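Next come two complexes, and both contain chain A; in the first it sits with chain B, in the second with chain C.
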Partner chain A sequence: MFSSLFETTFSFNDLMFMLKGAGVTLMLTFWAVLGGTLLGVVFGVVRAVSPWWVNAPLGAVLDVFRSIPLLIQLVVANSFKTIIGIHWSPFTVGCVVLALYMSAYCTEIVRSGFLAVPTTTRRAARSLGLTWRQDLTEIVFPIALRVALPSWIGLTLGVMKDTAMVWWIGVVELLRSSQVIVTRIHEPLFVLTIAGLIYFLMSFPIARLGARLEKRWREND
Partner chain B sequence: MNYTFHWLPAFRALPDMLWGALVTLEIAVLSMVLGVLFATLLAVGASSKYRVFRAAAVSWVELARNTPALFQIYMAYFGLGSLGIHLDSFVALLAGITFNNAGYLAETFRGGLRAVPQTQLRAARSLGMGQIQAFRLVMMPQMFRIVFYPMTNQMVWAILMTSLGVIVGLNNDLTGVTQEYNVRSFRTFEYFALAAVIYYLLAKLVTGSARLLAWRLFRY
Partner chain C sequence: MSIEIQDVHKAFGSLEVVKGVTMTVEKGEVVSIIGGSGSGKSTLLMCINGLEPINEGRILVDGTDVHGRGTDLNKLRRKIGIVFQQWNAFPHLTVLENVMLAPRKVLGRSKAEAEAIAVDKLARVGLSEKLKVFPSKLSGGQQQRMAIARALAMSPDYMLFDEVTSALDPQLVGEVLDTMRSLSAEGMTMIVVTHEIAFAREVSNRVAFFHKGRIHEIGPPAQVIGAPREPETIDFLKSVL
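The block that comes next holds the complex of A and B.
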């Protein structure tokens, strides 16, 4: 049993195949984070400044993405795409669903960052003669960024890990590529350990960075 | 668009899917109960004076938080299998989610522990309470208040994570049942849309009852 850990038929090409999968994981993450952040910032600011009759419905719609398993969202989106006859690759579907999924979480982060700026600070800015736009870019944005960035980093890592589910609709990313190798050489523990290591190496340094930022900014408060 | 929706077969499958939802809820609740137990041990272990315990607790937490949940479930199902430990898909899923829950909850608990000022403990002690009494009557209620909301979130997460069971071959939870019907008729959209609605209601049920509970528990 244990001998299989040491005498392996795992080859260099297999490792390259997995690294290619890791590349797909990173690409998925990149597009999802880009789209999710842009949407999240827009929705977050809208939610923070709009009256309740805009805020409540928008919040309810975004809440749907957080209350349904990502796997189900992917399957539903993938079959819906076929129904209405758009020809997207599974990769594109994965990016779009992940971006929407991320935007739902990002909206809350941006909104709470926005609302964390005290009204008095903003009034002070305005009474010093700053315009509404200046108030947003010079006062609200820097303060909100400090509040939101650690959570945003956490969310990005979360999305990176959630890309693992995309293989269900047919994208060969890191976990799927390791699965392909497992079915060939039948050494699940060894191959999965490597996959886990790659995930860990992609996630851990950024997680640490986020924790450090959070700590440093809290100390300077 | 030349697709005809067939909702009837999906609604015929509804009773089976609701039974599946019960299994989903069961796994989520079990994983939460076990997760809280392990998380408490991990939170205590992380501040232990023995290096072994500290290392074990920290590596559990970091591993749980830095790898995908699906990977953790895979490890429990395929990985342990090659060590000769064969878990069926229910147990593997439960083990994977519990591992994940414990890792995240441990961080939550650590934050909760730190958020209650130590002066509270000293004040309680100087009022004549014993160490255990002070902890139970003064520290615990305040900590619980802080960790309650993150715990609710984790519970919703646990429900969402149970959907991954289908990938390791679980066929009696909500996603599993849905997939069984799906492979028989290929009405993918209808079945999974219905499953999505049920998941949504489950999540709302959890957050709703948590809010109710919080309202009952946390008023002065």
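The block that comes next holds the complex of A and C.
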């Protein structure tokens, strides 16, 4: 009776199927984080330096992405795409929506990092003859990066887990592939534990990398 | 070769802090500006290298109108070094990199050239031992000397000092003043906003006493500090000495 606890019909092929799903999760995360970060940096800098009449509308639009549940955004975007006749795959829709969702949060992280750089430090840079642009690239960005990194790592890990929601528009990623196996072999606890473990293995290096960078910078500060 | 300040007015909103200041600083001269807080001393320095716009008047540096249309401020600032009360180290760069940054990015020097300049200037302020260290590991006095080296690395014709010892612990003031003393001995043209009256008296060719946004009294230190004529100057000196 005891040994039956460890009996399972979970096969090697099932594991491969889940790892394939994990690959999709990684790709979704990659594009979402890449797009979300690039947009977030642009929007964040714009928000930090612009007058209110640029800032207010941009902030309002980004608030929409932050306030509506991701699931609704995905489903609406997927339906909308059909209505206006764009032929994007559900995977592409997922990447785009996740990127916009991430950019809305990333904007605020970038903005607060930017504003954390003391004006006196920037003034010192300008007094040496550095141009506004050089001040940004040589002084503001490196300092802001150190301030923003911990939040950005947290956001990235969050987005990796949020990718699970694209299953609703028909993308088979890690959680969806696990669910397919659960439906067949009826061992939810075992299968979901493996899925959880795979999520952990994907997140852990990112978290470690962040912690290492932080430690290195803290030693200098 | 001079800095000419002509009837400069500067207001922040409705608050006018500089109310018609006129003075000329000749090449090779050291002029100290003393006066109470809020008298417009520091603001005037910011105006001289264009960090603050002015409302009226003109400032000419070697004949170039600092606030004139078409003036390339980034170019003009190469000849005017400024050191602030808060030393404003760039925290993500080592001491050496702090000093190398402007020669590399602004003057377009090669890495090796910029490093040679930086090593030389840091030796000049007595920081040869700290090249690879990050600013956070330095004392306030050392950070301030690094800021001086950073400004000197641009080989400026003029140096402006804005209360550079005010934020330092008393025992660290001496090392920074020594550095400034040796600069003036080398003939650097300097405008020094300071509360160190003894220092002003020792190194300056002229001392200007600022009061409520105006120059109240200006002349050789022996006169302005040694034998002040205006009652405001006398009161101020009494309060700080």
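Following the convention adopted for this analysis, the second predicted complex is superposed on the first by the 203 of 221 C-alpha atoms of A that agree within 3 Å, B and C clash if a C-alpha of one lies under 4 Å from a C-alpha of the other, contacts with A are read in each partner's own complex, and residues count from 1 in each chain.
Keep this in mind: contacts are C-beta pairs under 8 Å (C-beta built on N, C-alpha and C of every residue); 3 or more make two chains touch, one makes a residue touch a chain.
Bear in mind the structure is a predicted one, so any value in this text is a computation, not a measurement.
In the superposed pair of complexes, A:42 makes contact with neither chain B nor chain C.
In the superposition on chain A, A:187 contacts chain B only, with no contact to chain C.
In the superposition on chain A, A:115 makes contact with neither chain B nor chain C. By the touch criterion defined above, A:207 lies against chain B but remains apart from chain C after alignment on the C-alpha atoms of chain A. Of the two partner chains placed around the shared chain by superposition, neither chain B nor chain C is touched by A:96. In the superposition on chain A, A:153 makes contact with neither chain B nor chain C. Contacts of A:27 after superposition: neither chain B nor chain C is touched.
Counting contacts by the rule stated earlier, no residue of chain A appears in both its interface with chain B and its interface with chain C. Contacts from chain C toward chain A in the complex involve residues 49, 51, 74-75, 77-78, 80-82, 84, 86, 88, 90-92, 101-102, 105-106, 134, 136, 147, 150-151, 154. Those residues of chain A lying in contact with chain B across their complex are 1-2, 4, 64, 66-73, 75-76, 78-80, 83-85, 157, 161-165, 168, 175, 179, 182, 187-190, 192-193, 195-196, 199-200, 203-204, 207.
The part of chain B that touches chain A in the complex is made up of residues 1, 3, 62-63, 65-71, 74-75, 78-84, 156, 159-164, 166-167, 175, 188-189, 192-193, 195-196, 199-200, 203-204. Against chain C, the residues of chain A that register as touching in their complex are 118, 120-121, 123-131, 134, 138-139, 142-143, 146, 217, 220-221.
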